[in-house]
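Each structure below appears as structure tokens.
Two complexes come next, and they have one chain in common, subunit A, joined by subunit B in the first and subunit C in the second.
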Partner chain A sequence: MSVSGGNSRALPWALVTPALAWTLLFFVLPFIAMGLSSLTAHEGGRFTLANYSQFFTDASYWRAMVNSLEVTTIVTVISILLAYPFAWILAEMVPERWQRLALMLAVLPFWTSYVVRSYSWLLVLAQNGVINRALTGIGLTAEPLQLANTRLATVTGFVHFFVMLLTLTIFANLKQLSPSYRKAAADLGAGPVRTFLHVVLPLTLPGIMVGAFLTFVLCIGDYITPQILGGNNELVMPQLVMMQIGRRGDFPLASALSIILMAVVTIAYLACARWLKIERA
Partner chain B sequence: MRAVVRIAAWLYAIAVYGFIFLPVVVLVLFSLQATSFPIPPFTGPSPRWYQAVLSDARLTSALVNSLLVAVLSSLASVTLGFLSAWGFARFVLPGSALLRGLITLPLTVSYLVIGMGLLVLFNWAGMPKSLLAAGIGHVVINLPLCFAIIYSQMGDHQINIERAARDLGAAEWKVLLMITVPVMAPAIFAGFFLSMTFSWDEFVISFLLTRFETTLPVEIWNLLRSGLNPKTNAVGSLVFAVSIVLVVFFELTLLRRKPA
Partner chain C sequence: MTINARNPLSTLKSRLGAACAATALLIAAGGAQAADLNALIWCDHSDPALLQPFEEANNVKVNVKEFEGTGAGLAIVAQSQPGDWDVMVIDSIDVPRGVEKGLFEPLPEEKLPFADLFPEVKMDKSTIVDGKRYGITEKFGYNTIGFNKTKVDPADMESLASLTGDKYKGKIAIYDYYLPVIGMAALAIGKKTADLTEADLPALKAELLKMKANAKLVGEVTASQTALATGEVDILVGGGEWVTAGLAKENPALDFSIPKEGAVLWSQSLAMFKDSKNKDMALKFIQYIMSPEGQARLATSSCYWGMPANSKAALTDEQKKILRFDEQPGFLARAQAYPAPNANLDKKMQDMWTEMLQAQ
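Moving on, here comes the complex of A and B:
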């Protein structure tokens, strides 16, 4: 080979350096900049811890974090409870040759634009929207119900998205399960309910946890759904962050709040990772 | 008893399908309405709002911007992702696991935080808000994805084909272009396609990093300020149609490639 020894050692670095440089320059460096910014005062730029202490002392900021955690927990639990039986029906009751189509249909709206999907729910839930027109039309309620701009609307929009996501992951999980486990359970005399509770459910639990973690991370960091459907009545953390930038141009405070939000996600990850490890052992 | 459970299960499945499709059906149905509000009762099909969208210069230029950002940022992501995946899969590098971890790290951080970080950095560096800034952000979120997909698909049998080519005297760049890229084409294509859809749909980074020239999701967001508006329905339905075409195309090409 005409390539010299030095050249062949340089090649692998030439391949990986662009991606590493990009990550350092546009991911690690911004993160450091954000960290430094969070430690400076909005006016004057002196070093200060005020942006962090503000979060821990101001009740309305705490409230946003509590709202975020509550909404995220409710969404995660409801989405799993809805998606698991649905994925099970798709995997077990739909004939094999129709499964691909059934699954593709079940997640089709997943591919619509995220902003548009939240707006679509607004059409359904608005004062003069489909649900209220239907309710007043059949005489169930005299006055239209306040459905939009509530926590219920935020949760509905989120659940809609995450039911599709979790159906995908749980379906894949159920299909990976070898049928011999269930046969063995049946041979040993377990009925369908016991087989499910003691064999299928424990074996799909790690997959559920991965889906739950994904739901948690995406849900707690999302600004669009709470802003469009929840409105400004009850703020969650991402809305609080965007408010600092949009209304006041307060980058340091927005940075501090983003870092606090990230810390919470990291704690959730550590908790989840440990739990997963115990499950697998 | 068995029959009851079966019927209940089917009813449940139909109910979930109904829940999943309800907002999409409402969106598309009332985009075809001629009245000024996308609300019941439905008064018959009309192309009025689609014409309004297509003659709206802001929306059409945002659409072009979105496509441009999606294609260019996906090309950059898949190129950087492929080269680094190849480097890490074929050569033993010191600290390889750590460096691979670094490349995939952005996957664990929310878009809002990534956008915030870039906003603070660009603000300090004096770089103005632009489509380029948003594109850089899209590469940050899609590069780890492309890397992970392509790296996970680089198996031993591909190494053997490459080795054969090298033994037959092919230069390194020839191996790369004539062996590795064609063999890895499905993974490269999957990475590119996923990057395209994520970039096409991405809102918060574009919202933070662009100002006058912006992408379609941000322009749709601006439309939302006017409340319920059939024009938003129409543009939303069009975006949905584009996504469906992409997904079906992806399904068909993947299905065709599988037996090979």
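Moving on, here comes the complex of A and C:
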């Protein structure tokens, strides 16, 4: 009796042990190491809070976080605004038999290398690129516009990627939505716009929020796109982290900046989780 | 009897045997790898045209790991086991950093062609520590002004003042490496790169901000090259033969100048690790790289071109012309070394660079 009781208690632990071990080895321990590193001086290795105080007292460091948040917010909002109608068209207007193909075409950009895609955008947006040639060719602008090496270029590169991600999460949400909700709304006299605003949109908000959170996390932690497309005309947090490692091998300062970035992502996650909880309640 | 008809135990034994054989092969291969040469290098050393002749002549595999910047290189070493690496490419001025960490082995000067090196690039002040030579300069060049001579007046490129004037506003890119560009800012305000102190930082910052105000972008190697090659910009601050020479065939309009204020000399060295398990092969590799043939291949590497440190490098006349080989004595006379700040000043310089990048 006691043996079988022990077994029944041991089984769940045995099942979750691999996952726990994985998390311990590849998240908890590295995180502790990073935390300890962030509290040591680059030279000498003594305990210090200087790496954190550098961030809060140096305007150019603080500015990197502001840039990151601004770029991430702009990218997330634009991506949602573009992805929602796209997902709607896919889910509601494309015949069922074509939906799989349409989805595959929609995610095609994911199949190419992230770096290659970013450099491609650089060529498209360059002074002699496709857009500027077209604009000057049809006489809309006399001189080429500065599109590459700007925040606009960074946002464009990000949006191209994240619209696809958001489309997937919103599409999945729309497909799960029972048609009876809309029929019921119509029976009660609601027109298409009212049905969308008061029934469909609120019910697809979880899909939007999940996609938006993924966009936020991936965007705020990305180094490649701002580095290639932004022209280093402003720094975001991942670039600042890379500078500390690549130039001076300053792992303690890089660790402190990474933990601060992680704290911001955690706050975003908690806000998102809390909102989803409220919605479910 | 066919294999399909064998009993499961026999099949299992057969497959276990095959697995054991495969494991033995892997172990043997692992053993062979221990005798390979492991090199921490910059991208110019990963060119097969450079490595293959050495590998074939010595029946050895050169395993390379690329990095950019001494900080990144030393970080890789710090995360490795002693003996993992045999040789390293390092900025000549940073050789003492490796020596301080106890990483490098003194080089046997009598076995290397020091007499053939351009005297100005031997960099004895940094490659010799406590009377022992720890690094040998293999390649050098200039962080100066790279430009498209069909788009800008070459005469303007003879002065660093043109970088902060209005004439080329928005046509300029800045190479994203703080030390050489800070060195150029120092030259522009009449300071010697070797004498920079903390007191010079405000004036240097003001000069950097003027450069930034004129710049379209601040880019690392690939971004800078791409910007100049595609016509996105016409001038590259910090550029030099390392940008223009490799692109000379595709774009002969690209050139570089050594302004009247001077230019910053970059110089890369080879060092051998003290804990190398393969010091004989490491020395052979350094000897190969420093040989006239190795020097020519390194100088014209597909990643970037640069001047060979060995004046007897087996370059063709055309390659010498592209590198402006015969003009080197004059260039070297006007060039100054990379700033070599101590740790404290280095941190302040990098923070100043960060401020420059963030400036709108």
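By definition in this document, the second predicted complex is superposed on the first by the 256 of 281 C-alpha atoms of A that agree within 3 Å, B and C clash if a C-alpha of one lies under 4 Å from a C-alpha of the other, contacts with A are read in each partner's own complex, and residues count from 1 in each chain.
We take it that a residue touches a chain if its C-beta (ideal position, glycine included) is under 8 Å from a C-beta of that chain, and two chains touch if they have at least 3 such contacts.
All values derive from a computational prediction rather than experimental measurement.
When the shared chain is aligned, no partner comes close enough to touch A:L101: not subunit B, not subunit C.
If you count the residues of subunit A touched by subunit B and by subunit C, you find the higher number for B.
Look at A:L122: by the touch rule set out above, it reaches both subunit B and subunit C.
By the touch criterion defined above, A:Y114 lies against subunit B but remains apart from subunit C after alignment on the C-alpha atoms of chain A.
Applying the stated contact rule after C-alpha superposition, one finds that A:N149 touches subunit C and leaves subunit B untouched. Within the superposed three-chain model, A:L270 lies out of touch with both subunit B and subunit C [touch as defined at top]. In the superposition on chain A, contact of A:T23 is made with subunit B only, not with subunit C.
Judged by the touch definition given at the top, the superposed model places A:I245 against both subunit B and subunit C. Once chain A of one complex is fitted onto chain A of the other, the partner contacts of A:A64 are limited to subunit C, with no touch recorded for subunit B.
By the touch criterion defined above, A:G231 reaches subunit C but does not reach subunit B.
In the superposition on chain A, subunit A positions 119, 122-123, 126, 128, 228, 245, 251 are in contact with subunit B in one complex as well as with subunit C in the other. Of all residues in subunit B, those touching subunit A in their complex are 6, 9-10, 12-13, 16-17, 19-24, 26-27, 30, 37-41, 80-81, 83-84, 86-88, 90-91, 93, 99, 102-103, 105-106, 108-114, 116-121, 123-124, 136-137, 139-140, 143-144, 147, 171-172, 197, 200-201, 203-204, 208, 216-217, 220-221, 224, 228, 232-233, 235-236, 239-240, 243-244, 246-247, 251. Contact residues of subunit A toward subunit C in the complex are 42-43, 58-61, 63-64, 119, 122-123, 126-128, 146, 148-149, 227-228, 231-235, 240, 243, 245-251.
Within the complex, the subunit C residues that touch subunit A are 68-72, 74-75, 78, 170, 176, 178, 216-220, 223, 226-227, 230-232, 343, 346-347, 350-351, 354-355, 357-358, 360.
Across the interface of their complex, subunit B is touched by residues 3, 8, 11-16, 18-20, 22-24, 26-31, 33-34, 37, 82, 85-86, 89-90, 93, 104-106, 108-109, 111-117, 119-124, 126, 128-130, 133-134, 160, 163-164, 217-218, 220-224, 228, 238, 241-242, 245, 251, 254-255, 258, 261-262, 265, 269 of subunit A.
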